[in-house]
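Below are structures written as structure tokens.
The two complexes that follow have chain A in common; it is paired with chain B in the first and with chain C in the second.
Presenting the complex of A and B:
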């Protein structure tokens, strides 16, 4: 297997962190507001000590969209190709969520429309106890320039 | 024996189907889909590790393994994958040389079958318009469950012109697509090596079950 990935990305960059951030403590009001906005009626999302709906973790997006080694203009020739989310422990009031983003995978494939490069950024979220809140693999499909 | 020769499980990055999901679906639809077995042809890899024997025993459906690789003539299914092939070719390379693949896989005890030949960019038909035909192709995928209108029809002319054998596969990435196209063999197929023998022997045909699923 080649040491160089599409876009000339060095294989050694796989797994490298390109962004991290830590949230303010989550409040019960934050959770209530989020659950209400979704139309949730489950009692566990409300009250004095609620748990957050699983997708609440999507609020914590970090600061950078993608690894700096991915050419920014490539995103003009692609689209969001979906995400896989593995949920961990629920978020509760008082939790501080730490988010770490790493370059998880870069691979190429061919389809009806030509060559496609997929870039997967992994976003791992943990709480102040080090427990995993969620792991999100954000997948982007980008076009190499020759096919643009 | 009827085998779906082209399927993807969640081992392929663009599939969410589990193998057990496929088996449960086939069991549920057994009156409409008489599939005796399937071949997992994961994209750009060979899954040597997964052991599905307990599922075969539980569901009475054979599970074989192969690969779908990408070449300069489009995508190709590889059956009878072994260590020698994996040493010879980097299955993750999307620019494999198709002629080398066809020739060397054959020599190393397998068989390489171009799939969805009617598909733009990744199908044999388009490449044959601009390049010399490949030598040593025994069969192509005449029926692909993921083809769009006109793509399978395009392959009929190819099969006729070159005298290729014709197989079928669902190309399923979702559970409910399993078995919609398949290949009927004139005999039982016992394992991956025997599948290669059966494909070399000929006498099989591509079968299409999509009309059965449409209902009245």
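Presenting the complex of A and C:
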């Protein structure tokens, strides 16, 4: 079995952390503005002590979204293919969100339009109490160079 | 309420038009700096027909639909595939239906297929799992 994945990525890099970050404390205003930007009307997202809409967690992307071993120009030939979020406890004012990004999966598929490589980055988010806020798998579809 | 929800139950759809200003506002508060979301010129240089909604915003609108349907439910999971671009200034429709219903310790778990359409095409599709206790 080969130890090398598409783009020459070493199999041993799967699961490795390539970024981590810690947010500023979330404010009630941050939550209000996010909810309002989506036209949300649920009262629990507003007021003095709101909870954040579930997708608020997507704000915390860290400093980089892909593993440095993946060529940056590959992303210019690809696109955001999707996300899968498992939600934990809601985010509330005063929470500090710690985000750890790991290279989760790299796999290749061949379709009618040729070869495609999928890169999945996993973000694990916890709050200041160590509780899981969300786990997000970000799936990017990249195309190898035509002459590769 | 949950007793009324069976497999096949349709989620009340969310039908809206998102303006370019709405996208700008979302992109700002969600910290999505991509110029393709706010500038037609930049988007066209990238081969797009004009500015587009961030995929995250499409996902967040599906979440809004679910909250408006069952505000007391907890969203456990939302997974989507981005199948096509979504543009501001054109009507979009979020919809979905229940595909599975499972009893859990102190309530019920609902699995739903969710869809965002624009111009009659499915632009974002996915699955949502909600828990009602």
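Assume the second predicted complex is superposed on the first by the 144 of 148 C-alpha atoms of A that agree within 3 Å, B and C clash if a C-alpha of one lies under 4 Å from a C-alpha of the other, contacts with A are read in each partner's own complex, and residues count from 1 in each chain.
The rule is simple: a residue touches a chain if its C-beta (ideal position, glycine included) is under 8 Å from a C-beta of that chain, and two chains touch if they have at least 3 such contacts.
From a predicted model like this one, the values you see are computed outputs, not experimental measurements.
Model built by superposing both complexes on chain A: chain B and chain C fit together without a clash. Contacts of A:64 after superposition: neither chain B nor chain C is touched. Between the C-alpha centres of chain B and chain C, as seen from that of chain A in the superposed arrangement, lies an angle of 70 degrees, given as a multiple of 10.
By the touch criterion stated above, A:114 is placed in contact with chain B alone, chain C being left untouched. Here chain B and chain C are compared by how many residues of chain A each touches, and C touches more. Of all C-alpha pairs linking chain B and chain C after the chain A fit, the shortest spans 5 Å.
On the side of chain C, the complex with chain A involves touching residues 16, 22, 25-26, 28-31, 55-57, 59-61, 63-64, 67-68, 71, 74-82, 126. Per the touch definition, chain A reaches chain C in the complex via residues 30, 33-34, 37-42, 44, 53-55, 58-59, 61, 79-87. For chain B in complex with chain A, the residues that touch the partner chain are 13, 43-44, 70, 74-75, 90, 92-94, 119-122. Taken in their complex, chain A has these residues touching chain B: 1-2, 107-115, 118.
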